[in-house]
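Next come two complexes built around subunit A: one with subunit B, the other with subunit C.
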Partner chain A sequence: MSSVRLVAVSWLLQFKMIMRSPFDGFGNVIYPLFFATVAFLVFRAGDSPRTLIYASFGAAVMGMWSSVSTSAGSAMQRERWWGTLELLVAAPRHFSLILLPSTLGLATVGIYNLAATLLWGRFLFGVHLTIAHPLLFALAIVGTVVSFGGLGFLFAVSFVRFRAAWVLGNFFEYPVWLICGFLVPIAFLPGWVHPISWALAPTWGMNAIRESALGGSPLPDLGACLGLGLGYVTLGVLVTDRVLRAARLRGTLSLT
Partner chain B sequence: MIVAARIFFVGGLTSFRALFYWLTPWIYIPTMLVAPIFQILLFAYIGRSAHLRSDEFYLIGNALQYASIPCLFAMSQSIGGERFQETLSAILVSPAARFPLFFGRSLPVVLNGALVAAFSLGVGSLILGVHLPAGSLAPLALVILIAAFSCTGLGLINAAVSLRIRENAVLSNVIFGFLLIFTGANVPLDALPGWMSTAAQGMPFTHAIAAARKLAAGAGLGDVAGLVGAEILVGAIYAVAGFALLRWFEVQSRRYATLERS
Partner chain C sequence: MAAIEAEGLRRTYKTHTGTLRRRAKEIEAVRGIAFAVEPGELFGLLGPNGAGKTTTIKMLITLLIPTGGTARVLGLDVVREAREVRKRIGYVFGGERGVYERLSGYDNLRYFAELYGVPAREQKRRIEELLELVGLKGREHERAEGYSRGMKQRLHVARGLLHDPQVLFLDEPTIGLDPVGAREVRATIASLTAAGKTVLLTTHYMFEADALCDRIAVISKGSIVAEGTPLDLKRGVAQGSVVEVEVYGIAAEAVERVRGLNGVVAVAVEEREQAQVLVVQTETEVELTQAILGHLKGADVGRISRREPTLEDAYVALVAE
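Entry: the complex of A and B
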C-alpha cells in the first residue's frame, strides 16, 4: 500500500513539475501539433480512402508518444543534473518506484496532447469525431498512457550510462510514429518491420483507441498493450538493479 | 582586414566547435544523420498512404527542410551559448567588429546544414530508390548550400532572440514546425490555403525546395535561376534583420544592464 502511495504522490509531483516546464509542458505539446497539421493537410489534399478521422486519431497518439519519448530517455539524467540522483538511489525504496512515476507523468501529459490534437482537428479542419464506445475509449487511453509510461521507464533506465540520453529518447520519436501504424497502416511497411511493430505497445494502444472510437472491438488490442507495458516495467526493474549495481561498483553514478 | 578575417574564419570556427554542443558523435549521428532519414521515410509513407505525391517529392522536401535543425540550433547555440557560458560580456566588451564576429559564426553553420541536407538526400534516395540524374547533382548541391544559407539567416534572428529568452530549444522547434508546414516540403503549395502559400514565399526553403524538385526532374540551373535568386534574397533579408536585431539587443543590454539576465 505504501508503494502505491509513493507512486501516486511522486506521479503528482512529477506531473506538476512537467506542466511548469516550458519544454515538456509547452514545447512537447505544441511540437506534435505541427506534424498533425501536416498530416491533416496531406490527407485532405490526397485522394486516399483513409479519412481525416483516421489521421486525427493517429496524429493524437503521435503527440502522446512525443511527450514520452523526448523526455523519458533523460529522466534519470535530469536527476543527475539536479544533483538528486545519488540521494534517490540511496533512499530505502526501490529506485523503480521513484523513476516510474516520472515517466508516467510524462505519459499523462500525453492525454493533454491527445485532447489538443483532436480539438485542433475539430476546429481547424472540421474533423467531426463520434466516439462509438466512450467507456472503452477512456480505458484505451488510460491503458495506452500506462504502457507508454512503462516503455518510457525502460528507456530511462536503459540510457542511464549515456551522457546524451536525451538524444536517444528523441531518436525513437520518428521510428515509432512510422512503424506503429499511427498514420501509415502497418501493411504498407516492409514485412520485416511487422514483428518490430507488434513488439511495441504503441501499435496496440493505437489500435485500441481507433477500435473503441470507430466501433470495433478494442479489448484484445488493449490487453496486448497492457501486457507489453507490464513486460517493459518488469524488464526495466531488472535493468535498474543491474545498472545501479554496476554504477555503485565503479563509482560512475554521477558520470562526472 | 587581416584581423577581421581572423575573427570571421578562426573565431567563427572556434565558437562553432566550442558552443555547438551537438558535435559529439553520440549526438551528431542520431540527430543529424539518422533522424532526417526517418523524417523522409515517415512522410514518404504518409504520402503513399494518402495517395498524394511521389517519394521524390517527400525526399527532396524533407531532406532540404531538415537542414533547419542544424541551422537554427547551431546558430542559437553559437551565439546564445555565450550567455550560458558567461562569456558574452567579455565578447561584447571587446573592440572586435561585429560583422565578422557574428557572421563568422554562421559560416560553419551553413556548411554543416548543407552537409546534413546533402547526406539526407543521398541516403534517402538510395533507401527509397529515387533516381537523381547525374547531371542534377552539382546544381542540387548548390541549391542545398543556398537553402542552408537562407535558413542560417533566420537562425541569426533566432540567435538574437536567444539572448533574451531562456528556452531557445522550444523556439527553435516551433520555427522548425512552421517551416515543415509552410515551405511545401510535404504539402504542395497549391494545396495550402492562400494566405499560407503567400506567407511561404517569404520563408527559407520554399524556393530552394521548388528549385531542387525541378532540377531532379531534369531542369537546368538556368531554368531555376529565378527560384535560386529568390531564395538568396530571402536569406539575405533574414541575415540583415538578424544582424540588426543582435546589434539592437546588444545596445539595449548595455543600456538596461540586461546582458546576463537569465
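Entry: the complex of A and C
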C-alpha cells in the first residue's frame, strides 16, 4: 500500500514540477504543433482524407513519444544537476519505485500532446475525426501512456549509470517515429525492421489508438502494448540494483 | 558498539586523459583511513578542499562503494546492508543544490517523507515540527526557488531529519552561508546531539569544528593526520610562533627555500588583495625573521609581524605536512 502511495505522490509532484517550468511548458505546448503541422501539410498533398486521418493520429503519438524519449534522459541529468539524484539513491525505498513515477509523469504530459495535435488538425486543417469506440480509444491512450512510461523508465535506469547517456534519449526520438509506423505503415519498411517494430510498445499503442478511432478491434494491440510496457518495467526493476551498484562503484551519481 | 566505524577505508577513482590516446589514471581520494564515532558523539572530519572528506562521507552513506577496507554504521555494513543503513541515517550537504526549486518547501519535505517511508498519518505532524525547528514556519508554501541560501540549507537539515534518523552525516552544511545564517545552522546542529543523535560533520572551518565537535579528525590528501578533542589539537601546536611577511610577487623557489630552513614547522602563502602574505610557523625560541628575509631577496617586501599561533595555524601545519 505504501508503495502505491509513494508512486502516486511522486507522480503528482513530478507532474507539478513539469507543469511549473515555463521553458519545458513552452516546449511541450509548441513542439507537438510543429509535428502536426508538418504531417498535415505533407499528407494533405496526397489528397486522401483517410490518409490525413491516419497521419493526424500518427502526429499526435509522435508528440507523446517525443516528450517521453527526450525528457526521460534529460530528467535524470537534471536530477544529477540539481544534486537530488544522490538523495534519491540514498533513500531506503527501491530506486525503481522512485524512478517510475518520474517517467510516468512525463508520459502523462503526452496526453496533452495528443489532444493538442488533434485539435490543431481540427481547427487549422479541417481534419474531422470521429472516434468509433470512445471508451476503447480512451483505454488505448491510457495504455499507450503507461507503456511509454515503462519504456522511458527503462531508458532512465540506463541514464543513471552513464552520465552522458541522456543524449541517447534524443537519438531514439526520430527512429521510433519511423520504425513504429507513426506516419508510414510498417509494411512499407524492409522486412528486417519488422521484428524491431514489434518489440517496441509504441508500434502497438499506435495501432490500438488508430483501430479504436477508426472502428477496428484495438484489444489485441492494446494487450501487446501493455504486455511490452510491463516487460520494460520488469526488466528495468531487475537491472536497477545492478545499474546502481555500477554507478556507486564508478562514482557516476554526482556531477563531479 | 560504535555508531560509525571505518577500518582501512580506501577509495580510488579512475580518470582518463587525452582524446585519441586515452590514458587511464588512478587517483587515490581516500587512503586507508580508520576512525570510530561513539553513539551521541559529534565527530568532525576537518580538512581542505579535495582532502577526501566528501568521498569518505559518501562511502559511509552508501553512495560510493569503497575500493578497500570496511565501514559500518550502527553495526551494519555499508556495502552488504546498504538499505538497512539508509533507513537509519540522514544526509545533509551544503550549498544550494539538493532542493526541488519548483516545489514549495512543504512539498519538498512531503516528497522525501514518502521516500524515507514516514507513515502517512505521521507526515503532517513531523513536517510541521521540523519546519518549526529550522525556522521555516510561515514560508513553507512558497516555492524553494525564492528561498535564500540559508533557508535552503535549513530545508536540507529538515529533510535529513524527516525519518528521525539515529545517525546524521552533515557535509559542509554551512558552506557559503552568511555569518547569521551559518550561526543558525550551527545552533540547529548543536541541538541534534542534545537530542541524542550521533553526528559526523565535515567542514573546513576550524572554528566551526572547535565550537561544535566532541572530537576531530584532520584529514589531508586522503589520510587522517591528527585525531583528538579540539583541546588536544590545540595543545599540539600551542608552542612556537608565527612570522608573517607581506610580499609582492614571491617566487615558488623562495617559498621552498624558506620551508627548508631549520626550525620551520609549516609555510603557507595567503593572497590578500594586491599582496601575498608568507605565513611561516616556527619552533619555540627560534628567531628566523632575518633568515626568512634573506631568502626573499628580489621580492618587494612590505610589513613584517610576529605573533602567537592560533588554532587555524595548527590546522594549516597539519594539512601542509
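One rule holds in what follows: the second predicted complex is superposed on the first by the 242 of 256 C-alpha atoms of A that agree within 3 Å, B and C clash if a C-alpha of one lies under 4 Å from a C-alpha of the other, contacts with A are read in each partner's own complex, and residues count from 1 in each chain.
Note that in this section contacts are C-beta pairs under 8 Å (C-beta built on N, C-alpha and C of every residue); 3 or more make two chains touch, one makes a residue touch a chain.
Small disclaimer: the values here were computed from a predicted structure and weren't measured.
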Handout entry: Contacts of A:227 with subunit B and subunit C, given as first, second, both or neither
Key = neither
Practice task
Go through the superposed model and pick first if A:92 touches only subunit B, second if only subunit C, both, or neither.
Solution key: second
Fill in the blank from the handout: The answer to whether subunit B or subunit C touches more of subunit A is B
Practice task
Pick one for A:134: touches subunit B only (first), subunit C only (second), both, or neither.
Solution key: neither
Exercise for the section: Report for A:37: first if it touches subunit B alone, second if subunit C alone, otherwise both or neither. Expected result: first
Problem - Partner chain in contact with A:183 - subunit B first, subunit C second, else both or neither - result: first
Practice task
May I ask you to decide whether A:16 touches subunit B, subunit C, both, or neither, giving the answer as first, second, both or neither?
Solution key: second
Problem - subunit C-contacting residues of subunit A that also contact subunit B - result: none
Practice task
Flag every residue of subunit A that touches subunit B in the complex, lowest number first.
Solution key: 22-23, 26-27, 30-31, 33-35, 37-39, 41-48, 50, 162-164, 167-168, 170-171, 174-175, 177-178, 183-185, 188-189
Practice task
Name, in rising order, each residue of subunit B that touches subunit A in their complex.
Solution key: 24, 26-27, 30-31, 34-35, 38-39, 41-43, 45-52, 166-167, 169-170, 173-174, 176-178, 180-181, 186-188, 191-192
Problem - Contacting residues of subunit A [partner subunit C, same complex] - result: 2, 5-6, 9-10, 13, 16-17, 20-21, 82-84, 86-93, 98, 245, 248-251, 253-254
Practice task
Spell out the part of subunit C that touches subunit A in their complex, as residue ranges.
Solution key: 13-14, 58, 61-65, 83, 86-87, 91, 93, 95, 97-103, 107, 110-112, 114-117, 119-120, 143, 159
